[in-house]
Amino acid sequence: MATRDAVLGYGAAGAVFLALWEAAPRLGWVDERLLPPFSDVAAALGAMAATATFWQQVQLTLLETLTAFAIALPLGALLGVLVQESRLASLIFKPLIFFVFSIPKSIFLPIFILILGIAFWQKVAFGVFSTVFIVMMTTFSAVESVREDQLRVARSLDASTMQKILFVYLPSMTPVLLEAVRVAMIFNFTGILLAEMYASREGIGNAIGVWGLGFQIKELLAMVLFVSVLAIGFNEAIRYVEAKCEHWRN
Amino acid sequence: MSLVGPDHPAADAGKTLEVRDLDHTYSVNGKTTQALKDIAFDVSAGRFLSIVGPSGCGKSSLLMMLAGLLTPSEGVIAVGGRPLTKPDPTRVGVVFQDASLFPWLTARRNVEFPLFLRGVDKALRREKAEEALALVGLERFADSLPHELSGGMKQRVSIARGLVQDPPILLMDEPFAALDEQTRITMGDELLRIWEKARKTIVFVTHGLSEAIYLSDEVLVLSGRPGRILDRVVIDLPRPRSLDMMAQPRFAELREAIWHMIKA
Amino acid sequence: MSLVGPDHPAADAGKTLEVRDLDHTYSVNGKTTQALKDIAFDVSAGRFLSIVGPSGCGKSSLLMMLAGLLTPSEGVIAVGGRPLTKPDPTRVGVVFQDASLFPWLTARRNVEFPLFLRGVDKALRREKAEEALALVGLERFADSLPHELSGGMKQRVSIARGLVQDPPILLMDEPFAALDEQTRITMGDELLRIWEKARKTIVFVTHGLSEAIYLSDEVLVLSGRPGRILDRVVIDLPRPRSLDMMAQPRFAELREAIWHMIKA
Amino acid sequence: MTQVPRGRDASAGMSLETKARICRYAIIAAVIAAWEIVPRLGLVPRLFLPSLSSTLAVLAAQSGDFAIQMLVTLQEVAMALVFACGFGILFGLWVGSTLTVRKALLPVVSALFAVPLVVLYPLFTAWFGIGSASKVVFASVYGLLPTVLGTAAGAQTIDRQLTQAARSMGATRLQQILWVTLPASVPTVLASFRLGGALVIVGVVVAEMMMSSAGIGFLLSKYRTQLNSPGVFAAIILILALAIGFDLAVQAIERRWTAGGGRNKAARRPADMS
Amino acid sequence: ADTIRIGLSTKAWFPSFVAELTQQQGFFTKHDVKAELTVYQSGSEALTAIAAGAADLMSSNPSIVGEGREAGVNVKMVAMLATRNFGWQIMVPPKSGIKTVAELAKRKVGITSAGSNTDLLASWVKKKYAIDFIAIPVGGAGLVPNLISGNLDAVVIYPPLSYQVALDGNGRVLTDFSDEMPPHLEAGWAADDDYAAKHKDALKRALTALFEGVAYIKANPDAVIPQLAKYDGVSVEVAKQEYASTFGHLSDDGAMTRELVQETLNLYANGKKELDAAALFDGSFTPVAITR
């Protein structure tokens, strides 16, 4: 039921979007040079997908993204719960975390290069850095949404801290937390792309950066299209997990 | 009887409850509300004690303290001769006034939850939970989520969750309030049966005087806020109890007596 | 009496309630639970009707439908001759089974809330809210937040919130369940007084048979799930009612009759 | 809900807060000291981290220029905040509290959010011009989606009984959102507001960094290209100041909310887990 | 083999292709060096990489080197590639009424970013023509879109994008900096001082390889042009133009003179204090002798 609604929603939105994209340049609403029609971009994507380099780049970027995600999410969630759970820690760290969060992360890229060079782990580290704060901040609000009466039941059963986290906090926070996962994924992905655009030998971000500089707009949009599909794919994967979780929560 | 003395040697060790010089005052933003005053009583092992008193007199607060969930402003609480400072489900189990079910768990899993926390194995957990659910007449709703249940059904799940823990002392805060009379009586009888079999100590908060008398060995009557002990009425009706006892003059007499105490 | 006929000409227009051929089935994930079956009844203007029945038989569901909060699977509900499809507080007010107070508002503001929604001006709002709070005996707790109140006190705030709306028809779902007997009787008398003065139509869900008989003109008795109407008992006790009526044989007779219906 | 209080009494809060403040200041002091000492000892190249004093010197010397650019950024941030947070929160509440809308719209919204916007910025300017408008639009979109998603998730967790009660009192959809869903999801809404606000700041600065001839981000990017790292860090300090200012504003809102008798406490849980 | 990490200041700048081709043709291997090529977003990022110890050699010019040294990054020019800004142009929309550089006064002119090469060129034009216009940083990727959309009156643009834009009819050349500016050290290689000191021999061999690459490029237009087109992602037409204007004029041996360095500093002196030209280059690696 929910899936069908989602598919319908997607289908409709997607179709309208693509139709607009195709029509706008063709009918002269926008300059074709600034927004080539969808079919042209799709053709460019097709041509790209036929090359081996393309898939190597995609593979690398994906690997970086997933590695960074696998580190940032548990780390951020755990730190988030720990900070929120201690009144002292939350008073001390929450403002500081917020301030770091409000600085554009890209200005720290040179420091990452300084410490880690420009290889795989630099991208991963920067991905983690771009993600961990937002995960923590969302975790704070997730923890705050847990209800006192439910917690009281667990207390009356003398549940250990770990048990309370696993069996009361976590399920109760799930909607907010899953949102955090989704948001985190995006930050993570953007972080990796930025790091690749800034300095790298390969990867999707590198390709996008280069095409931008050369005004190769079809290729650029083709890659953006691909990246978007990829990101939406991630998003759906998380939604799938969400559905599973719903099960597990029960 | 010493408060912090050695464990009772008998099999009933751990089933006694002692409360001494207990006072409690809430303070919120500088505004204080005295909820309880000069509370002292004890319940010997295996007794069924009811607490009655006007709304807002501190019954729930008292129960929360007996459960170790609320620290009294003053006074000591001891269970089985040892002081109680934090929740300990192996000594004391609680059924809350609001059902307080986990909305993401089915009725069955809500009931299984305390056992799950203790690491009881799956099959046994399930068996016990089904037993408890059957006891409250909800076997057919084992797989329903709380929001699919009626008010009374939620409360019954909550009772099942309390029973499944099988603690030597069981605290119950108006567990039957959301039930119709028929179910209420059935469940009361069920509770008595379990109590008699397992010789638990039960502290039962209710606002039904008949219910209190019908179920209890003793009834603790509290005054209006701040709650003080007005009297402790021993219910000298024979056991096992049956519905027709309600028609007996002794029953009416006891009811009348308590009623007048509260009304005054 | 026509369902969608012209408004009643009398002053009592808007106070009648008609229910026809009502069925309700919940379906959750393909699993269906029939809650109500073949429900048809009507309440004439100014009557006090109680609904009793076993836990889970659909009383709350029925009330939610009368309030326009739940659409029946089948059947029609009309208020004052006009069909009711969505909540309309100018026609029907509700007091919920669980207090459902807004935790971020003080007791007073919770009571003021329905008036606030209607844009009633501040001074008047305040006056009415204080009046209603006084009626339920909580004037001293006007500035307390719900979590600072006991279970019974919350329910009383909820009742005050229902009363302050002053609707021609008032639906109440077990409003006195969390109250002690003393308060319960006082509040019942209060309710009767308001009802007699304002000549409201009241539909009152309860599981207290004595309470139902004591308060009502008629009692609708529902069977266990799926809830059907077993009978509609007219309470022919004179008004005004008083506590000693409970000792009258007619009272016991009525109680016995209803009791046997439910038990069967 | 519960009538049992939170496990701690309020009087202990004061000293804890002071303690926290002291700790926080100690940390900040340590950072400041390190910022001065580490570059002086030559542990990091000056290019990456100029000493605090040299940074402050630049800040002071060019305070006029910084002030002018800061004003530009402030205006852009303010406008984007209204769009992203104001509209975002209301929209999020609506989406989160309406089942059908949530099912149909939320997937699309979150998918949209998944598109890495940064790479499209050059086209953004072609479409929206190179003035403030493109920055405001970019930052608004950047901050809007997380705000919507966060608020919607929060609205989803609130007690359905409460909205039902309001409905029975004849609350309109807007009244329900404003007076029930919003206050009931205050913790999440405030968190989303924080998040959205921070992202708006980041969005404006990043947009200015990428292309513009004014604003603090423009300065930052200029100094970076010129390898003027004291200038870069001076700009960072100003961005931090912006974030701190915003945080103080949010705190003020929070305080206003919890004033009037600690509202919403009941919906929350105690901070300790003992 | 010794490793040398080469930082390339944007992919579009021609030294990047030289390095790439050298790599492809195996000249690095031939001279027993292992080269790692990394493309950075701009010269300052490549310089940052040197400071971070993530690169040893970079494509650069004395102006960047000078700023680098001021910021504490110890680099020096070690070889020269070109003396003119081939293909760096100011372009206006084809239908624009602007016919001369002087008419740019008070107009909006796009540059990539403040402090970048395009910015320096823009400042130079302002000085030379004694005019004032608003230089607006729009990023490399924003130049053409904003020119097309009419947000900008002109752009300072780099090759091969400039050729591409002219060919597509999206822009008209107002002036070419290779005509406007006197000869100066415009492009070359700069090395980290430390690396140059410790790995003198490796650096020498790497430069030899790079100039062998230059020689190969000059000698084999037919083979190189398609590769250039592919590398830049442009049409063969554009690649041909770039080849003719740029690669035909590259230095054969990388030799630098103090005058050329000084001229660069003069041209790009953006109000900074006087730099010592001698301190910005190290002639000990040139001329590079190529043995075939």
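For reference, chains read A, B, C, D and E in written order, and residue numbers begin at 1 within each chain.
Note that a contact is a pair of C-beta atoms (placed from the backbone, for glycine too) under 8 Å apart; a residue touches a chain by one contact, two chains touch by 3 or more.
By chain, UniProt protein names: A = ABC transporter permease subunit; B, C = ABC transporter ATP-binding protein; D = ABC transporter permease.
Quantities reported herein were computed from a predicted structural model and do not represent experimental measurements.
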Joint neighbours of subunit E and subunit A, given as chain labels: D
Higher-contact pair (C-beta pairs counted), A-D versus C-D: A-D
Far-end chain from subunit C, centres as C-alpha averages: E
Interchain centroid distance [CA atoms averaged], subunit A/subunit C, Å: 50
Centre-of-Cα separation between subunit D (ABC transporter permease) and subunit C, whole angstrom: 47
Intercentroid distance (Cα basis), subunit C paired with subunit B, Å: 29
Multi-chain contact sites of subunit E, meaning residues that touch two or more partners: 48, 51-52, 139, 141, 145, 148-149
Two or more partner chains touched - positions in subunit A: 34, 110, 114, 148-149, 152, 172, 197, 212, 220
In subunit B, residues with contacts to at least two other chains: 26, 28, 60, 69, 86, 97-98, 100, 145
Subunit D (ABC transporter permease) residues touching subunit C - in the complex, by the definition given at the top: 1-3, 5, 161-162, 164-171, 175, 179-180, 183-184, 186, 261-267
Subunit C residues within the subunit D (ABC transporter permease) interface of the complex: 67-69, 87-90, 93-94, 96, 98-106, 113-114, 116-118, 143, 145-151, 154, 165
Residues of subunit E defined as touching subunit D (ABC transporter permease) within the complex: 42, 44, 47-48, 51-52, 67-68, 70-73, 108, 113-116, 119, 134-139, 141-142, 145-146, 148-149, 151-152
Complex contact set, residues of subunit D (ABC transporter permease) against subunit E: 45-48, 121-123, 125-127, 129-130, 210-213, 218, 221-229
Contacting residues of subunit A [partner subunit E, same complex]: 31, 33-34, 110, 113-114, 117-118, 197-201, 206, 209-217, 219-220
